[in-house]
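Chain IDs A, B, C, D and E follow the sequence of writing; residue 1 opens each chain.
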Amino acid sequence: MQIEIYLILAATLVGIGIGSALSRRNIISIVMSITTAGSGALLAMATLGHDSEKQNDGLLFALVLGAILLILMVLGCALAYRRFMSTGTTNIGDRNELRH
Amino acid sequence: MLSEFRSLAIISPELMLFATAILTLLADISSRAKATARGRDGSETSSYETRPHLVAAVALLGLAAALILSFRTFSMAPTEVFSRALSIDPVSQFFKTLLIFAGIITVLQGSMSREIHRTEKAELHALLVLGTLGMCIMTSAVHFLLLFLAYEMVGITGYVLAAFKRRSGLSSEAGVKLFVHGSLTTILFAIGIVMLYGIGKSFNILDIRGQLAGAAVHTGYLWVAFGLIFIALAGRLAVFPFHFLAPDIIEGSPSPVSAYFCVSSTIAAMAFALRLCIHIFSVKGDLKWVHLPGFEWPDLITGVAAVTMTIGNLTALYQTNLKRLIGYSCIAQIGYILMGIPVLTHAGIAAVLFSLATYGIVTLGTFFVIQMVTDHAGSEKITILRGLVWRNPYEGVALCIFLLSLAGLPPLVGFVGRFYVLGVVVREKLYWLSIVAAINWVLGLTYYLSMIRQVFASDRLAPGERSQPVMAANPVAQFTLAVLLLPTIVLGIYWDPLMNYITRSLGAVVW
Amino acid sequence: MERLPLFISLGSLLIWALVALFMNKNLRMAARGIGLGLALVQLGSAIWAAARIFGDTPGVQYSVVWFALTAKDVFEIKFVVDAAGVVFWVALSLFTAVTAYFSLLGQIKGTRTQHRGEAVTVPLLTIGALCALTSANFISYYFGWALIASLGFLAISFSAPNRDDRASASFRYLILNILPEVLFLAGILGCYAVFETLSFNEINEKALADAPAWPIMCLVAGTMLRSLQIPLMQCARYLASAKSAATPVFFLGNAILSATLFAKLFPAICATEDIQYFAIIPALTAIAAAVMALPEQEPAQLVGWLVSYVCASVFLSGLVGSYDAAQALALTGSIGVFLLASALTEFSQEDRPQRWLAGVALLMMTGLPITGWGWARYLEYAGLIHNEGQLPSFHWILLGLKLLADLLMGIVLWGVVRERWMVRETTSKKVKWEIIVPLTILALSCLSIAVGGRPFGGLVGRATVDAFPGLVWFEKFLTPPGGAAKTLSSGMDLLGTDADFFARLLMVGVLVVPAMLAGLWIFRDRKSLEDFRAFCARVVRRLGQVPDQDSKLWSWVMRPLNATLGSAAAFFDSRILDRLMADIWVTPARFVRKVFLVFENKVLDQQLIDGLAEAVASIGKSLRLVQNGQVQFYFALGLILMGAVVIKFVVVGG
Amino acid sequence: MIPNILSAIVFLPLLGAALVLVIARDDGRIHRYVALMISFVTFVLSCLLVANFNHSTVGVQFAENYEWITSLKISYSLGVDGLNIVFIPLTALLFMLCVLASWDRAAGLKGYFSLFLILETAVLGTFAAQDLFLLFAFWEAALLPIYFMIGVWGNKNREYAATKFFLYQLAGSALLLLGMLVIYYIAEPHSFSLIDLAGGKFTSARIDIGGRSLGVEHLVFILMLAGFAVRLPVVPLHSWFPHVQAEAPPALAAVLAAIFIKTGAYAIVRVNYALFPEAANWFAPVIAICGAVNIIYGGICALGQKDIRRLVAYSCVSHMGFVLLGLGIFSSTAFHGAFLQMGSHAVYTGLLFFLVGILGARSGHHDILNADGSVGFGGLVSKAPLLTGFFTVAVFSTLGVPGLGAFPSESLVFLGAFPFHRFLTVIGLGGMFLTAGYLLWMYRRVFLGRVSENSAQITDVTLREQLYLVPLVLLCVFAGTYPTPLINLASPTINQVLSSLNKEAK
Amino acid sequence: MTANIVLGYFFAIVCVISTIYAAVSRDLFRVTIAFFVEITCVSGVLLTLNADYIALIVFTLGLMGTILVISFSSVIQGSLKDSFRAEAVDSGSRRVTRLFGMILGLGLGAAIGWAFLTAPFLDVTKTPVISQEVDVVVLGRMMLGEQLAVFELLGVMILVVVVGAGLLLRKPNNAN
């Protein structure tokens, strides 16, 4: 499998992930979309990391990215919980008071 | 081993910060005592008696120690530690000192804040300290891995901090928004890093720079990479296309956190911006840098700076919420400071550093007073400032001085920063930009004046409006204000030492 | 030493002004007394100066450096005390002293209490007039000119400050002074630009060479306009309503000042091409004034027309080049009108002194040959007759017009004389010696001047002239300043000429016999008097005054056209000046003001400046709407903008 | 001789302000004594300055030069020459009198007097500065006290006026700042010192803006002129002034009209003319035209004012036109006239605004005509004869009546201007008559005529008020009759400026 | 080798399909499942790069994420069943916005893809170099060696998350 397939897949994941994060309303599904996009980035990293002779850095970054994605999911869910406890909704567009 | 030990000595401020965070949490846990209270319906509820003063004292002492340590590292020759991942040079130490100072003030603010529940002060302090730690690393990281991690660490503390206020819809909204925005930019940042990695096959910024300078690079690729990283930067720095969220966050967060976002976060992001623009995408010359041939990113930054300050100022005109107003003003300020980067000279960067330092001090002061007032009044409407100077002259006058300094009027320090930035812009013959900046100077004054007008308003209250009661004098707060006022005024009159220091630091850095 | 009289004079006037200023109510009497004393001191110093001048010393000139800006730009305040100046100075001092005397008198009797401001203005006015009289360059002349204008305003205002008519009279007085001032100042500036000097002497010298005429013309026109000549003649009405206060004001202000300027700049005026044609204006003014005076019943108003008439005579002579006539007319005319005005305004109608004084003054003004005014008239006619070389037939026209005016005015004056002395009943028996004595002295002095004057001397021959040493003074007084080559009828040269003969003939033939007879006959009793006045009023109305068509724009154009006499009626129309003022000054000023204010407040301030601010603010307002609180929207917007920028840079380049 | 006397003069009021702030007593009576004492000492020192001034040399005297900001080569540089020697004692005097004029102010004396003294320092500093940056700093520093004084102690519409004032001024300052920076970076070596920069160093420098090459001298001249013109105020940029004058507390209004706006005219000569002689020659006709426009525009606008403060404010606009007209013509006469006008205008406008303030304090309103067209005052001459007397002097000074106020200066301006710009001069003459029109209209409505209800309770001037009015009256007479000593002080420097300007013309 | 390729393509295709499904589905439960599948597929793709440890990490991420989502949803909604209702019914404009957001995201992806594919230094047609060393060893050496700072920083971050999440999830104390 050529590098371009990996990269196209990565770009697709990023694109769909971000698109979905921009169009979803539920915080939890947004969290999932972000993770999707992040996994795309991770994939690209791993691919490019493998492309080089000294691949180590790239892998490390992928690892870090994975860890961070997990952290983000945890925090995202916690925030959704917090949001729900204070306003009773988990939709991102609802009951927004911070504007204008 | 010795070298490792020396590395530890060099990063002693960061270590101290980490220790502070841990100690704060420990102090909180160890000082808790269980107490029971009988509710109205007879049910017993148990709660923890905490000692917020102790916790705050621990955090502040630790931060003070870190500040002293960072002072000690000021005069060190530029070095790179942790296998060239951290660059400790006078400029990064300058940023660190600023950040730790800002940390002290925000922690102090947090300990005084009424928005933060007293059982949660320790967490607040710890998170603020940890966030500061992340920022400190951000300022000196020359390795993208570390930079990314530090960036993310700041982000994560930010999400929690923004949502810190209990049972507040605003606070949780701010947290959620910041989370969505922040994690999206994180992803883009990661992709940007991947793209740069693709060029240089290294995460080390020095290596990447060498690669970029050496080979003729595909401009489109560079633009996408730069754009992605710039988005991450812009989201943090609150500059033009990604500034929309910043006022929401600043309004929704508890006041200490707002100050933290406005000041610490911005300072760190500016360090990041310097890293990105100067350290990666420019080539070193004599007393100046040259951007990569064919890759005209300074034009982008120039435009962004111009638009940012204009939009920030314009949008601020019609605000009625104090914190939100300050949020917009911060956007404008950042836009102003950002003008110093694309000129790519030592003088320009010196102007950026100078005005950033002064911006930090002054904005901290502003938030300090605003927190006192909003906490006292229980509202964030701009009208709560009405007649402040007659009720609490010291605080009122201090707020006015801070605001006027933000507006950039001599003989206050805000003017000096503006003078330098405008000076380098004129010097580099970016006349249109200087005109935009001059217009914005006037625009900005409008809303600062609208606040000052409230502070000094002495006329009758509107029907149904109650006069705000007098705030009780708080010696600690007054002392802190004095500490912040002193540089605001003194540096406005005699700023030579600071500027000389900055110039010397810039001369010493290797990038 | 030679400066001393002037300094004493100025000093005493200043002290007088200060005394008047700082005296409060209780000390008012003392202030008036001191004022009179100082006025007498001033009179003494004037006489002293006159004695010196006419004794042995020639004219004294001295100057103070005002500004020495560079070696070239030096501005001096120059004074000269010469024969012409000093005579007017004495007259002026006399007026002032009399005014002070009346003031004290009014204070003692409690009939007339002067306002403090009014008391201050009298000495200051004298200072102003003194400055102008003794001026040797435009700086000191203008000093006097403008001081008189503004102090006149104050004097009228303060004379009865709470009355609206007084306030409006003072305002109109000011307009009368200000409108000509434009021309006058333009003349001064023109002189400075053309001759590069402000000194009268140098201007006189340089004007004889080829030089542009317009600065001098401006000066003359300005002076004439200010002196109640035709376009502004109707201002005499407003002066009349200023009543008592006007007495010192308009005499010091107008007649003397105008004549002074003629005296100072006589060579330059004579040297100016075509300036003689200006003389038609005073000639017409004289007729108009006489016609307006015919039906007049109000004494103060009569004085107003008389002022206009006297000034017209002075200008007429001056412009046709008879220096001595102009000087003599100014001096005697001002004395006469001053007396008349004092008599008519300082006393009530029942007072015997008033009748005496007024009688004397009226007799003077009728132009009897034995009076100074008559003597001056002789010189005037002689000048007009003699002036044939200059203007081929023009001067005959002028002479004709002037004779007509004189005849009419003679009828008026004789009529009033008769009315005062023969028709009116008197109720007051008490003789007021305190008034009669000084005024009689004054009148006698005038008479002696007249008797010793030219007509008499002319009749009895040269030998008599030499027998009166005092006449040498007037030779000096009537000698134009140096360098005047074109003076036509000066000195004794006229004696025995045709002009001398015809002038005497005209004096007797026009002023004395027909006018006196007509006047006495027309006013033979009260009924005939009223009939005649009614008739004259009808005629005047028929000629000029059309029924009111008020509040129409440009009525000052339309009204004369509707009248029988056409445009000439403009001079007789009492409302014409109001209309004129309204249409050429007030209405346009209001309109312009309105336009400017609309521009200033609405356009500039509200639309442009505040509008700019609002536009900026509304941009801010709409930018605020972008902040809709949706984080996804924010991010998407950011992405689009960023993407657009990046695409621009990638595709187009930096 | 006191060492550093100039610094002492400039900063003594600041010290006084600190002193006033430090004194904690709340009843405020002591503050005004302190303020009076300080301003008096300042005035005495400035008189000493004049006494020791050598008016036969053209150079800068009492110069003080200290390094301030080495990295930008900004120096703390003060000095006195013919251009500013008159204004320093005049400023000190007017501020002292203003303290007296604010004597019976009831509330907030502490803040009021401290701001007032800060303002004095700023204005004195603006006059004394010989370094462009220092001048700018003082220039800006004057804005804050004024803003606060208007905003806090002003009249009904004060906040609007204060904001307008500040924004206008800051817009002007922005232009000034830009111009300053441009020449700073073009001058080699970089310098802010007015002495170093003077003498046409930028004649050949050019910069590119939008692909067009522009002469630096002309560009910066216009930028700076616009900055100064806002303060002057020159006509399209003047609309802050009437608002501010209508709202400011009386003493401040006097200071603004008398001294503050003079800094603009002064700075034009000090900075623009000294630094850009060639551009000055190029632009002088426009300045003269601006002057004529100011005269007429201000006059006509004043004609229509019903508020006495606004009327006097427009009169100021009109009269600053004479200054501009004089400055726009490089003849010795006109230029001296302009300078003299600056000085004498300070005196008589100060007097006028003091009196307007007294009138307003007595009656509580400033309307010449009420909204229904009836007279707002009327007949004051019998109610308050002394007040009327002072007012008369002020009004007649403004009119240019000989012996008072504006007469010599306006004469000089006209005499100097006429040979160069006949048309403009005649327009200027028209302005004199407009002045007569509106001022006497006001005078008649307020002081003459019937006593109206409003003016029935108005009392006459008290002894304390006379204390600060009489000096100004005396100065009016001095300025109107024999201001030669003042002109002699300034003359050598003015002639030198002129000769350098005229040299460039050839 | 061929198996590797076939597996890679399989995972890639499944990954894309499940991602699309996750993006467009309105049922949260299905979204979660699709998400799990997608992440698993990514880890599968990573396996073809011989990055076993990373793949494991990613799989863990997917698994834990799914668990997290399900548990939080149940906590928030009270019962598992309710929580997987569809998101709020879309209105017309909302649908447009969704579409717009999606297009934007895809555009961004396209830009990134374009940049990658046109990059001159990257020969995209060749297959990636497969490291023979097991990546966990490499990673371990690095994280405890030259990149110690990263490791430490990750630790600090975990502290942050523990503190932060603990704080966020804490029930409000009613007594105060």
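Observations
Keep this in mind: a contact is a pair of C-beta atoms (placed from the backbone, for glycine too) under 8 Å apart; a residue touches a chain by one contact, two chains touch by 3 or more.
These numbers were taken from a predicted model, which means no experiment stands behind them.
Chains that touch both subunit A and subunit B are the following: C, E. Chain D has the C-alpha centroid lying closest to the overall centroid of all protein C-alpha atoms shown. When every chain is reduced to the mean of its CA atoms, the largest separation from subunit D belongs to E.
Of all chain pairs in this entry, the one linked by the most C-beta contacts is A-E.
Using mean Cα coordinates as chain centres, the one most removed from subunit C is E. Distance between chain centres (mean CA atoms), subunit A to subunit C: 97 Å.
A separation of 79 Å divides the Cα centre of subunit B from that of subunit C. Inter-chain spacing, taken between the CA centroids of subunit B and subunit E, is 31 Å.
Mean C-alpha position of subunit D lies 71 Å from that of subunit E.
Each of the following residues of subunit D touches two or more other chains: 167. Annotation for subunit C: residues 613, 624, 627, 629, 631-632, 635-636, 639, 643 touch two or more other chains. Among the residues of subunit B, those touching two or more other chains are numbered 145, 149, 152, 156, 159-160, 163, 167, 175-177, 180, 184, 188, 191, 198, 220, 224, 247-248, 446.
Pairs of chains meeting the touch criterion: A-B, A-C, A-E, B-C, B-D, B-E, C-D, C-E. Those residues of subunit C lying in contact with subunit A across their complex are 624-625, 627-632, 635-636. Every residue of subunit D that touches subunit B in the complex is listed here, in rising order: 68-72, 136-137, 140-141, 143-144, 147-148, 151-152, 159, 162-163, 166-167, 170-171, 174-175, 177-178, 181-182, 184-185, 207-210. If you check the complex, the residues on subunit A that touch subunit E are 1-26, 28-29, 31-33, 35-36, 39-40, 42-44, 46-53, 55-57, 59-60, 62-64, 66-71, 73-75, 77-82, 84-85, 90-91.
Interface residues of subunit B, counted against subunit D in their complex, comprise 404, 409-411, 415, 419, 422-423, 426-427, 429, 431-432, 434-435, 438-439, 441-442, 445-446, 449-450, 452-453, 456-458, 494-496, 499-500, 503.
Residues 21-23, 92-93, 96-100 of subunit A are the ones that touch subunit C when the two sit in their complex.
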